[in-house]
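Next come two complexes built around chain A: one with chain B, the other with chain C.
Right, the complex of A and B next:
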């Protein structure tokens, strides 16, 4: 595992060097994503000029949710998205063939071989916002809440990773899936807001079959002192289940992989 | 895929290997597209029907066949990319599709139309990544790189972005990166495609030198028969997913073309009487004669012609290999006759 991580680090290094070849585009993207973060933040502030709380979430709680959301969102954009974005092309041009003949963990490398630092602006700003919320006393910092928060963030990352494995497997199976990115944007649009704002049936769906509640709502509730231990445990169980199911889908897909023509 | 008996004597072993594909069918036009969208129809294509072969350690084998014969599909099964639909398959004692790290560390697949090199980075960066992938220590890596740079003459393009290299430079760097881990088995799929004649020759020479030095098993597919003739003594010919010939290339040419063409210029416009059986005059232009004679009689014929004292110039030619192989697949009768012969 350590050697695989070492290779991934090398690939990331190459990926950074590669993106720096296009200097102007690289700098512009970092700024564009930073402003995207700021506009998102302004959106929340506008809401709270008209209301004191939304579905029981105060403005401070909403900022906590936003910092967690942007943290997870930026991470997936930096580490996972650049890979799925080029996967269809890789399958069609046969680039995937060459990757699969290397002595590597194929799933890990298909999903993580490239990174994009364009979301670094959003990631660092979400961390700054998080630290500011700690200093403001919005977060409940106890051993239990921090531990539960770490578990819930870990579960959130595993769920996002599992969604990516499934989408990657689908892209390989279908050979063309240009709308994977649309699906990801829609998914994260739901995560921008607490699941409490949705009707009960949708809320049930978000905690079970389409478990996006565990991506931002549960971690934000945990660290803000709004939640209980149960959702964190459920989230952890669901994340492990998601990983197992997506791994099975991946294995089946690779077994039926037909490769591109010669 | 389970292999019933371990096969230690052969580097590559297949028995009744087959691979099918379900190909979606669609007629022309919008109505057909809508119909097909609602109720897709598929056609089962047997890309490889039944292929049995054994290749020893250190052999170079040319894998020949027309487009769609199943060559690349076979290479993909041998390198663990495709799961076989049926049959047995073993490479270096491993079942390729298990994709064991030990197996993948010992093979290399080079595809002339696909590349390992990172497009926006200089090749030296890709070499460094491959060093980590194959876990080569610094000393080994430096030694091998220097050796490959020297053999492939690529010292001037290592630090140039891949996208700025010529096709020939790219292919040589591609070979270097694929051989960095000294694979025991090398699958070469059209390695010289698109290259000019000079570069094709360079690549062939390199492969011969490399093989002489490190003795990897090489399975080569190429539409350039010069590649095959220069590199492989043994060829396996497949058509429609079935093996139709496995043996020496020289035997194949003899079987397919039992006659040679002799062009002779005489100092007379009358052909002398020579008592050698089965010699036919194909054409005559003034004092230039084209003859066809069985291979075994060519020597006698040449000697007889010189002995007449009339011969100014004489050349003996084989039918180009491209034509022989081409004929084998273009005319059904040739193919059937050939199958009967072998």
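Right, the complex of A and C next:
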């Protein structure tokens, strides 16, 4: 495990060096992402000139949701997204075969080979926004709420990771799914607003079979003192379940993979 | 000078290519309609602030039309051009007997055109399903041709802005971030994607009406919904023409500078 981690670190280093080759463009990207975050923030502020609350969420609660959402979103963008973006090509050109022959855990290498630091601008700004909301007294800070919040963020990350594994497996299985990244984009579109805005049936779906409620809504609810303990516990159980299911799908896919490229 | 025959042939070829990947189109449709529907769900669950002129039916009609207008004014030329500079395919375009960028423009146009195959039925079915929720009293058939005209010029404005950004690809390795900044985030905020421009606070609305972004999305829908006075429509078209002229010159200027430093490699 330790040696695998070492190799991943080396790959990340190579990935960073590669992006540093165009230093101007790299710095500009971080800068632009920072502004993209600010525009996202302005959207919420303007939104609340026409609305008093969204499905019971005040503007402060929505800012909490935005900071949690951007935190998870930028983390997946840094670590996972660059890999799925090139997956279709890898399957079609046979690059995946080369990776599978290496004496390493293929799942880790398919999913974590590349890293993109461009979203660092959004990641750091989301943390700054979060700290600002703490200082403003928006959050309920007790031992229990912080612990539940950490668990809910952990569950959110596991769910996102599991979705990536499933999508990767699907992309390999179907051999032509260059738009797996489109799906990720759509998934996060749902997470930009609290799940309370959706009709009851959809809401049920988001808490069970398509568990995106645990990505941004539940953590934001927990730290804002809007929710109860149950969703956090369910979220944790569902995250573990999704990890197990996605691992099973992955294993089955790799076992039946017959190579598509040349 | 117009090379109509050549352009028609290219258009036909692109349509055929795109129709080969019909499955992808459905996925793309899903992506185009998803965000407006999520935002519509958010607006339908709000507690309205005082002075907000939009009713639930207005939000519903607005966001059902957003995918259609958004797609018709969309310009996908931004990412294609810098690639053609880098891999040298631009050299091939330069020796063809029609304007070199026409290929990219037609490809983007074809893309928008073929999405209509899905978006028009989607919009019609949605309007039919939700018809009891709408307030049709403002709608007037006279506004339809004016809305179409506004969509056409809105598309031209977006094409010229995206084109100007794309042309910086002569110098920049990657224009994605510049596009995200000048075309993506501001457009989403001030174009009427997240918040309909008519519901902005007075001062922000005035700024939005002077910038080009509103004309790529919100303006045609506002005309169609019958919520604009004749004077406001004239004013809107005037502002739009101003930006079209500005960005025509900008794009031309960048092209002339860029083509001088372009040294062909690859192909």
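The working rule: the second predicted complex is superposed on the first by the 258 of 262 C-alpha atoms of A that agree within 3 Å, B and C clash if a C-alpha of one lies under 4 Å from a C-alpha of the other, contacts with A are read in each partner's own complex, and residues count from 1 in each chain.
Note that contacts are C-beta pairs under 8 Å (C-beta built on N, C-alpha and C of every residue); 3 or more make two chains touch, one makes a residue touch a chain.
A quick note: this is a predicted structure, and the numbers were derived from the prediction, not measured.
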| item | value |
| --- | --- |
| Touching partner for A:103 - first (chain B), second (chain C), both, neither | first |
| Chain B versus chain C as contact partner of A:49, first or second or both or neither | second |
| Partner chain in contact with A:192 - chain B first, chain C second, else both or neither | second |
| Greater residue coverage of chain A in the superposed arrangement, chain B or chain C | C |
| Chain B versus chain C as contact partner of A:40, first or second or both or neither | second |
| Partner chain in contact with A:210 - chain B first, chain C second, else both or neither | neither |
| Which superposed partner A:32 touches (first chain B, second chain C, both, neither) | second |
| Common ground on chain A, meaning residues reached by chain C in one complex and by chain B in the other | none |
| Residue ranges of chain A in contact with chain C within the complex | 22, 25, 28-29, 32-33, 35-36, 39-40, 42-43, 46-55, 118, 179, 182, 185-186, 189-190, 192-193, 196-198 |
| Chain B residues touching chain A - in the complex, by the definition given at the top | 21, 71-73, 76, 79-83, 97, 99, 101-102, 104-105, 107-109, 111, 113-116, 118, 120-121, 125-126, 128-129, 132-135, 161, 189-190 |
| Partner chain B, residues of chain A touching it in the complex | 3, 6-7, 10-11, 14, 17-18, 21, 93-95, 97-98, 100-104, 106, 255-259, 261-262 |
| Chain A-touching residues of chain C, taken from the complex the two chains share | 24, 27-28, 30-31, 34-35, 38-39, 41-49, 52, 54, 172-174, 177-178, 180-181, 184-186, 188-189, 194-195, 199-201, 204 |
